[in-house]
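We just call them A, B and C in the order they show up, numbering each chain from 1.
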Amino acid sequence: MINDFIDVYKNRHDYAKDWKKKNPDSKVVGYMCSYFPEELFYAAGMLPVRILGSHEPQNVTEPYIFGMYCPFSRDVLAQGLQGHYDYLDAVSTAYPCMHLGQAFDSWTLHVTQKKFYVDMPNRVQTPYAVPFLTGRLEETKQEIEEWIGREITDSDLKEAINVYNENRALLREIYEMRKADDVPLTGTECMYITTASLFMDKKDANKLLKETIENELKGRKAKTADDTRLMVLGSENDDIKFLNMVEEFSAVIVTDDHCTGSRYFWNPVEEQDDPIQAIAQRYIDRPLCPQRDYPERKRLPYLLDMARDWNVAGIIALQQKFCDPHELDKVALLDWFKENDIPTIYLELDVTVPIGQFKIRVEALLERLREDELW
Amino acid sequence: MVEKKYKTAPLKSWDKAKEIRLNIYKEIAEAKSKGKVLLGGGAESLIALPTGFDYAMLVGEPYGAAISYLAKSDPDEYMKYVEASEHAGYPRDLCAYMRNYIGSILRDKYVFGGPFPKIDFYLQAGFCDTHSKWYQAVSDITGRPYFSLDLVPFDWEIEGESEKTKDLKRKYIVDQIHEAIAWMEKQTGREFNDETFIQGVLNECESTSLWAKVCIANRAIPAPLDEKTMLSLYVLAVIGRPRNDVVEFYRELLDEVEDRVANQIAANPYETARIITDSQPPWFALDLFRLLETYGVVSVGAHYTFGLSGGWEYDEENKTWEAGKTPQEKGVEVKTRDEAANVLADWWLRTGTVCRGVRHSGAGKIQRIMDMVDRWKVDGAIVHLNRGCEGTSLGQMDIVSSLLERGLPTMTYEGNHADPREYDENRTFARIESFMETMGLKQLYEFKKGE
Amino acid sequence: MITAGIDLGATYSKVVILDDGKVVGKGISKTTLEPEESVEKALNAALQEAKIDKGQVERTGVTGSGRRAIKDADVVATDVTADARGAYHLDKEVKTVIDVGGEDARAVKVGENGKVINSAVNDKCAAGAGAFVEAMSRAMQLSLEEFAEASLKSTQEIPINAQCAIFAESEVVSLISDETPREDICRAVHDGIADRITSMAKRVLVEEKVGLMGGAVMNKGLVESIREGLGLDPIILPDPLFVSALGIALMAADQED
């Protein structure tokens, strides 16, 4: 049920520690970017958990990371330096971007933990990206096998793929439910659900998702057709406080494009003979982070389709301050939605947000959208 | 008056460097009228790629820096470039080279005179994430086609990357080189000449290896070159390393620098202390090196200055870096396009220290900096926390902390390599002054601005 | 020997008179657009307290951001060096000095005989120190003393942006309009500034004992937040406003002829 997801979101470390108690022979692996191929680790009986920031100011990272790196990367590094993730058996990442990569480099320099690093190609648009990533994943698999002292079989991999695909399908089902005029859950609630699933054993998450869909969401009206439908998109975002503020103004967030939201789970692994290649293909084909959307701009038409399919009236784009990949899309993105008549505001996230200032921007957007409705 | 310890002499190669640089920019301006392919793109790596055509290339980073020089001579004019890009909505914390460049396109103004050149296509072989998307933004504005090659660098040797991983990375790049060539042929409707390409690749290896040798000569006491001079010399490798005249220039330069070492000709006649810097300097404010000189301090180089267009090969046995051995030195024959592609990919992956340093910092980058401190006999470090370049500032703070732990006097100052609005000269000079006190150094003569 | 140490800061000009290493007079004045006049005023006050004529001063040292305005000093040095020298004289065990001024904060690592090992100052994205607290106290219509006192009575921590003063300010405005208890806002401001100062200080590799100096450390609320941020127990150096002036006066006395 939604409250259970909220509980996991708020007590993510307790969840992972409990999991470890229940699975004393298994390992917990933290990862930093949603391009991390979790299936490989899950197939080895491990719990992959995404490392997010705490949204609390801190004073521990300045000797290790430059102030021009995004607040998220600094917040993530702080979690490691402050020892909040000491229970991890390994820390890992697929190459994310320079900022989060810096957080990983610094974390592994100062916190003694086993590390895994996957060279995720940037240019997913080249046909050579899949063979490259497949090769790297094969090596990662071997590295995991050496670490745990046993083989990961094809059937382990297929089982992991199935569990992950089921999780993706269930989350997708919830997003489909949000297409309704009377939305069964708020965007804030949905963010709790998607973000909590980043921390959960997917088998547990799937069970809970099924229950939530069947026993809580079906027939529920969290918001009505009178609420203004919005989409949020941008960089890492688990800013509950912000989403909550937006939805207090008779508005409802009905979909998103964030790596902590839909980008994380949108596409399944399609079956192929070689499960490793199938996994590689999935990460190459997934909805794009701006970091990897070039030379062609494939992300913009994808976002427009989503906005239309979910019948969105307006968009709130949110990026981590100093995030270059998002900033390099900013002009094109604003032009694109202007051309396509979807009013959009663009805000910058920091570790904490000046809610009052953002309130004014959001209210102005909503007033504009409601004026449009009047005409 | 303090007595000079060493003799000095002007650098003979200086004028030639200037001449080649001007020629390159002239060739760009004249390219279209001479029927050449004109492309734009980044300096980062693999700039031998278009050498299969009769071509000229406008390399973006030094061009962005050239615009920032205006801030000194004509600040109002400079502001028009950045304002053009900012008014169009490009955020102010993006790469400053890129913002200057975009401003130049939006104003249709070539900083060396006339309208912005009509570029046929853009080509980037990037390891910096921001630069990989630079020409996507340019392509949005100009509508010109753009190809981006994804260079996934090797990790630092200390990380013990497997041969299999290295092979995968080489192959990934070689495949994309072939893809890029086919793409360029399609864009230009011209045939790619393998012979000139092979020569371009060999030149790219040789220029960068020679530059590393020049840097190595600077291990001598007194240092034959100071970093300010090096910055004027390395730029030829940045913009023209596949060219015959550039290779020839570096051969002559190396001879001259080795001769200076043999005859104890110094960059700074006092040489009271040797430092290294980190990241690009604020290009429009190289006076800070002049200020250091008044204390007898010589900056012997930087990870950036050595490595952006330098070929450095790791010596596993001695855990240090030496100038990369070129295919010519190793007696490797390069006869086909595919062989050349393999040589080029391998060269950048193995010998590009800045290339890997923009992707991986950590223990490996620290090892490289410590190697410089030891082998260039360095007494202190000045780190430019460069708000304009997130690529070269990767790992900087960890480097600063490591240098301090080692007990090496180290100072930081904030600035921007190509946006003067983010550099505060008074504040920086004040910091240098206290740093000099910390190092126990006295000013030997008065600093006069602009000399 | 009688020496004068002048610290020409951006906000205040401070002077210390030493007689054979003993402080015999101190003077302070607001730094105006005429820095020489400001120094003259502070110097006269110090001389008056010391009951010494100007002509008796044998050597003068000058430091502070405006030090170049003063001609004919015997010793000129930056604040970093003067801070270390002054702090070392006051307490030989101090290894790290944190100087919290109006606009800037600075950390200095002190080595043997009061020599500087390294130092750091706040960077652009984390600028602001004492003056920011003053601006916030004005926004809340409190005197600085009331603001400091209120902060000590706070019962809850409210996270505000630790890095960017502009963001922090708008968060404070939001807190005021949300009717957050006054005490908690005051503390949030101190915590935010203290996070910035201690973040920066950690860059010099902080070692105990830590000595605090500068005008802003007279604010007890801010000192409490710095204490928490460091996780150490710093001392406040005696006469925290005059440590630099003392340091440069000592350097003038030390100078060999």
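Here is the rule we use: a residue touches a chain if its C-beta (ideal position, glycine included) is under 8 Å from a C-beta of that chain, and two chains touch if they have at least 3 such contacts.
Since this is a predicted model, take the numbers as computed values, not measurements.
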Central chain (by mean CA position): B
Farthest chain (mean CA position) relative to subunit A: C
Gap in Å, rounded to a whole number, between the CA centres of subunit C and subunit B: 41
Gap in Å, rounded to a whole number, between the CA centres of subunit B and subunit A: 36
Where subunit A and subunit C are represented by their mean Cα positions, the distance between them in whole Å: 45
For subunit C, residues contacting two or more additional chains: 123-124, 203, 205
Junction residues of subunit A, two or more chains touched: 62-63, 67-68
Residue list for subunit B, restricted to those that touch at least two other chains: 385, 387, 397, 400-401
Of subunit C, residues touching subunit B in the complex: 65, 77-81, 116-121, 123-124, 203-205
Subunit B to subunit C touching residues, read off their complex: 385, 387, 397, 400-401, 404-405, 407, 409-412, 414, 422, 430-431, 433-434, 437-438
Subunit A residues touching subunit C - in the complex, by the definition given at the top: 55-63, 67-68, 71, 350-357, 359
Residues of subunit B that touch subunit A when the two form their complex: 88-91, 93-95, 128-130, 132-137, 139-140, 146-150, 152, 155, 162, 164-165, 168-169, 171-172, 175-176, 179, 358-363, 385, 387, 390-391, 393-398, 400-401
Subunit A - residues contacting subunit B, complex: 62-69, 95, 97-99, 101-102, 105-106, 108-109, 117, 119, 121-123, 126-129, 131-132, 135-136, 139, 290-291, 294-295, 297, 322, 324-325, 327-332, 334
